[in-house]
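These notes open a run of structures that come right after.
Two complexes come next, and they have one chain in common, chain A, joined by chain B in the first and chain C in the second.
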Partner chain A sequence: MLSCAKLFKSLLISSSVLFLSATSSFAATEAKPIEIKGEIIDTWCYLSGVMGGEDAVIGSAHHTCALWCAAGGIPVGVLDEEGKIYMVLKLEGEDTLAQSDNIMEIQSDTITAKGLHYVRDGVNYLVVQDVVANDGITNFNHEDFGAVPPNSFPKNYSAN
Partner chain B sequence: MSNLKAKLGLILAASLFATSSIAHDGVVHSDIGEALKHQEQTSPNTLGFPDVKGGDFDLIDHNGNQRTSKNPNGQFQLVFFGYANCKAICGVALPSMAAAVDILKKEKIDVTPILITVDPERDTVDNMKDALAVHHKDMIGLTGSEEALNVAYEAFNVEKSLVYNHPEHGPVYAHGSFIYLIGPDGDFKTLLPPILGPDRIADVTKGYVSGAKS
Partner chain C sequence: MNIVKTLARTASVSIALALTASIAYAEDFSKGSKAKEFGLNEAVQSTFSAKVVDLLCEVAGDCTDNCGNGTRQLGLVRDADNRLISVLKNAQFQFNGPAEDLLLYCNKKVDVDGIMIGDPEEHNTQFYMVQFIKEEGAADWNKANQWTKKWKERNPEVAEGKGPWFRRDPRVVKQIEAKGHFGLGKEADIKFAKENQ
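For the complex of A and B:
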């Protein structure tokens, strides 16, 4: 956890524009029900770029680092199929904000979830009410980018 | 380091132009800041943001004085829950808060940075001041009884749990990771993910201080 934490400090880039909703609506004043499919990601490494480009900091290549980041308190996000990021505020059955042992079980997985979509200060937030499907880790990119830390991804991993 | 920054800058630039964010709803923006402002203007806050009611707390500051959620100086307050010895997320959030406060100060906007401890055994009146001064000279550390701290945790929906005991650094806690903006009277305004940079934190804060947002 600590080696990754040191990297957290190395650079803060105002890349929060990636959180932005690609659509705009003056009428978006109520939380909207949403069904979303996407990968649970480590928002720090994805947005800061400290660990490499976007393709390298998702999937199996980044799974272990993503677990460390989540354990260290970095909020997770859902990266949907359009490239939009939703900060996960709560998971189903959790009482507190963005703190969950359960998130460790689904980090890096591709999930389909129903929930409520909030917008605050230009940032998308998601309250997950129901994970309706979990495909496990579907992006096996550690062969392309190498795992962080090296050799941390199990060779015989199976989503099933 | 400069090479790394240059590389990361290119990565960021590439990622931005690879998305629709910089040219959403048909408007092309010349820079990120402009895009952010436009997005905020066109996507107002959702009403009824969930599960952060905020509320009064009554704690002890690093000088041993009582301090409640109401700021005696009448300033807005950026609040983070963590601990001075934290080597993880606090090391991201606290410097960002501090830098945001300095950015706002240059615009003649005074905002108070506050850490509410989740480790009162180590964060005491005697040692918090020096530990937090590393981040900002005006950062205020708050501690208190378990009961008083729990009131604050519950108000902001924060939970702490011991992860493990580090042989060198001591207990390592999981805890809340959002930065909260509260008003001079202690009323909750918004929360900010800790991964937002100081500029963005300052910009959002400024919107609430100026009354442009509520």
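For the complex of A and C:
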């Protein structure tokens, strides 16, 4: 009798764990303080492959396109040194679609930021509280790829 | 004996719920989709019912009126499995995000049709491009193409002009004038043009 009860108890616990794992989004999202270093990227071009491989849609090569996408309201991300992407939800107290220049000025830059990290259904979300360092653009990959896409650099460029 | 029966019943219900959730997670959402895949990375057609949510509110508990009135990124909580779907793109092919299309349905139930993209093994999940949207159960689909219209309303001084919006956008123009097309200053642009044009 007791062993039967134990068996069902363990079944109940296992199935509850299974249920909670399968529906992880039922759980509240926990914030973890984080300090992160990475490049500010355009998530759509990076993830969709629409403009080519991942190496070409970051850095200086993709800078103008990243500006277009950020101005166009495509979510901005931080690509860390391990290749993990964090979707930026807030930048130093400002909503990311607030139409200010703040989000534009750091496109393609490598930044170090302190903030809060949330994981929900496999996606990393980031509330940037403080950009503690900005190294500017550190990936000069336009030397290898040119402008990506090519029409992001004027056909007949004039400095004036 | 009653305790054993209750435990058994509870365990069965929990297992059934767990299996239902697992099945929903693995469900094929492509059935009935009319979305285009455009040959994008790991693109899969995906149509489902969901609730439109403010991501900051949903994830961080930082809530505001009307999902931020266009200042915030929005997402979709899918009915079938309660998963929060991160939406990157609307249906327009001019570098446009999804917030304006989703904002019309803030905190409402919708049906969406689009594609999931991105390598799920590399990034743990996939991301969504919404191509069509309607209030849940409505007859007619709306193309998710609100962004350019809203941009014109926000930028009346450059709303009409030569070329696409992104070549006239004041915030883009300001950055390119300050830092050049590669973000490295005008000298880098001049050097590149000299070597390649």
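The rule is short, and it goes like this: the second predicted complex is superposed on the first by the 113 of 160 C-alpha atoms of A that agree within 3 Å, B and C clash if a C-alpha of one lies under 4 Å from a C-alpha of the other, contacts with A are read in each partner's own complex, and residues count from 1 in each chain.
Note that in this section a contact is a pair of C-beta atoms (placed from the backbone, for glycine too) under 8 Å apart; a residue touches a chain by one contact, two chains touch by 3 or more.
As the structure is a prediction and not an experimental result, all values here were calculated from the model.
Once the two complexes are overlaid on the shared chain, A:L89 sits against chain B and chain C alike. Residue contacts after overlaying the shared chain place A:V123 against chain B and chain C alike. Of the two partner chains placed by superposition, chain B and chain C are both touched by A:L47. Look at A:M104: by the touch rule set out above, it reaches chain C but stays clear of chain B. Of the two partner chains placed by superposition, chain B and chain C are both touched by A:A71. Of the two partner chains placed by superposition, only chain B is touched by A:E30; chain C is not. Chain A uses residues 1, 5, 8-9, 11-12, 15-16, 18, 22-23, 25-26, 29, 31, 43-44, 47-50, 71-75, 83, 87, 89-90, 95-99, 116, 118, 120-123, 125, 127 to touch chain B in one structure and chain C in the other.
Residues of chain A touching chain B in their complex: 1-2, 5, 8-18, 20-26, 28-32, 43-44, 47-50, 52-54, 71-75, 83, 87, 89-90, 95-99, 116-123, 125, 127.
Residue ranges of chain A in contact with chain C, taken from their complex: 1, 4-5, 8-9, 11-12, 15-16, 18-19, 22-23, 25-26, 29, 31, 43-44, 47-50, 60-61, 63-65, 67-69, 71-75, 83, 85, 87, 89-90, 95-99, 101, 104-105, 107-109, 116, 118, 120-123, 125, 127, 136-137, 140, 142, 146-147, 152-157, 159. Considering their complex, residues 4-5, 8-9, 11-12, 14-16, 18-22, 24-25, 32-33, 35-36, 39-40, 42-52, 87-92, 95-96, 156-159, 163, 172, 174-178, 190-200, 204, 207, 213 of chain B touch chain A.
Those residues of chain C lying in contact with chain A across their complex are 3-4, 7-8, 10-11, 14-15, 17-18, 21-22, 25, 38, 40-41, 43, 55-56, 58-60, 62, 68, 70-73, 77, 81-86, 88-89, 94-100, 117-118, 122-125, 127, 129, 147, 154, 166, 169, 171-172, 174-176, 179, 181-184, 186, 188-190, 192-193, 196-197.
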